[in-house]
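Take a look at the structures listed below.
Both of the next two complexes hold subunit A, though its partner changes from subunit B to subunit C.
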Partner chain A sequence: MKFVIQVNEGPYQHQTADSAYQFTRAALARGHEVLRVFFYHDGVNNGTRLTSPPQDDRNIVSRWSALAAEHGLDLVICVAAAYRRGILDESEMKRLDKDAHNLAPGFRISGLGQLIEGVVLADRLVVFGD
Partner chain B sequence: MKIKKCLYVNRRAPYGTSYALEAIDMVLIGSAFDQDISLLFIDDGLFQLKKGQDTADVEIKNHSPAYRAFEMYDVEKIYVSKEAMAARGLKRADLLVDVELLSDSRIKELMDEHDIIFSF
Partner chain C sequence: MSILHTVNKSPFEKNNLESCLRYAKNGSAVLLIEDGIYAALAGTAFEKAVVTAMSELDFYCLAPDMKARGFLESNMIDGIKLVDYAGFVDLTVEYEKVQAWL
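After this line comes the complex of A and B, so read on.
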């Protein structure tokens, strides 16, 4: 089955971010296709590489990056939600004249059209959020 | 691109969270993909359509004029829950746009008829 995964909550406060990752990993392990993971609303905070949890805690962000590297996953961060919350890649840092960028490896920033296109192509949209 | 029946379900009050505003953005972007779009307002989501919204005191943009623009984007199927209207003392005349009232049992069928449900 072809899935698109939507993540609406940021990491750590809600288990949503963990569940989305675990579902995606399990779906891939079962041989399903995950066309795209779309991070929306506060979910865009799953894509900052400055995330620094204590050593005995999971690193939710680098976990996504590793899964993307292993499976060629398309991790897309909603552009409008990201800029509002200070998630920037290098080119946008320059364009917006900011002094830092923080997008984690394996993620890319793009528009809501990516979510819509994804669900049109997919069999199922699975949403993680309240 | 394949045309799917997309239902945007609006469940929350217009302010207090960003979901109502995000839904407007997504509906307008979605309309550019030539999909078959319907909107459904249930629970406190009904307040999104209420006339006379004034957000000056909370310093948040009043996004309600956007609902009147939906027609220009060929977004014309707007459904609301009859039960949610009654529970909130709202009438058609209180709303910014023309809507179709549906019973909750009909809403269940409406959801079944759609390929994709975006929930806000």
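After this line comes the complex of A and C, so read on.
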């Protein structure tokens, strides 16, 4: 079965990012296809590679990146939500004339249309939020 | 249409379980996750509402979230089924749609 996962909250604030990650892993382990994980609202904070938790804590961001590398996951960050919160990739850093970019490996920035398209193509949408 | 409703807040903190139970239709299911698991505990002020709803709805509780909060299966209302994340995935397949009450 094809899934789209929507994540509406940032890491280290609520359990949302952990629940969504555990669910995504379990769906893949069950042999399902995860077409896309869409990060919306504060969920875009799951995609900053500057996240540096203490060594004895899980790194929620790199955990997503590793899962994407392993399974070819499409991790999409909502563009409008991302720019508001300072999540930028290299090309947008240049366009917006900023001095840094911070998008984590495996993530890409795109529009809400990616969520709609995913929902049209998928059998199930599962939403995680606060 | 059969829907899997997920509830992630304690009924003592937010009213999303109450909202869910108002709208959930016969034959659907409620999965309690995160702080939602507090609704699965026996002996609370919400037990009666949950037991009443169980005549029309199947109730499930995410075991890792229950364990993380220090509760055992023996603390739960009789008839609520425990699932792990794989079981969560299976429920989303079994029901036609998933509605998160946030």
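One rule holds for everything that comes next: the second predicted complex is superposed on the first by the 130 of 130 C-alpha atoms of A that agree within 3 Å, B and C clash if a C-alpha of one lies under 4 Å from a C-alpha of the other, contacts with A are read in each partner's own complex, and residues count from 1 in each chain.
As a convention for this text, a contact is a pair of C-beta atoms (placed from the backbone, for glycine too) under 8 Å apart; a residue touches a chain by one contact, two chains touch by 3 or more.
The model shown is predicted, which means the values in this text are computed figures rather than measured ones.
When both complexes are overlaid on chain A, the residue A:M1 reaches subunit C alone and has no touch with subunit B. Of the two partner chains placed by the overlay, neither subunit B nor subunit C lies in contact with A:W64. In the superposed model, A:S19 lies in contact with subunit C only, and not with subunit B. Set against each other, subunit B and subunit C touch different numbers of residues in subunit A, with C touching more.
Contacts of A:I116 after superposition on the shared chain: subunit B is touched, whereas subunit C is not. When both complexes are overlaid on chain A, the residue A:F107 reaches neither subunit B nor subunit C. By the touch criterion defined above, A:A80 lies against subunit B but remains apart from subunit C after alignment on the C-alpha atoms of chain A.
In the superposition on chain A, A:F39 makes contact with neither subunit B nor subunit C. Of the two partner chains placed by superposition, subunit B and subunit C are both touched by A:L125. In the superposition on chain A, the residues of subunit A touched by subunit B in one structure and by subunit C in the other are 125, 127.
Residues of subunit B touching subunit A in their complex: 1-2, 4, 6, 18-19, 22, 25-26, 29-30, 32-33, 35, 116-119. Taken in their complex, subunit A has these residues touching subunit C: 1, 3, 8, 14-16, 19, 22-23, 25-27, 29-30, 32, 124-130.
Against subunit A, the residues of subunit C that register as touching in their complex are 8, 33-35, 64-65, 84-86, 88-90, 92-93, 97-98, 100, 102. Touching subunit B in their complex are the following residues of subunit A: 40-41, 80-81, 111-113, 115-117, 119-121, 125, 127.
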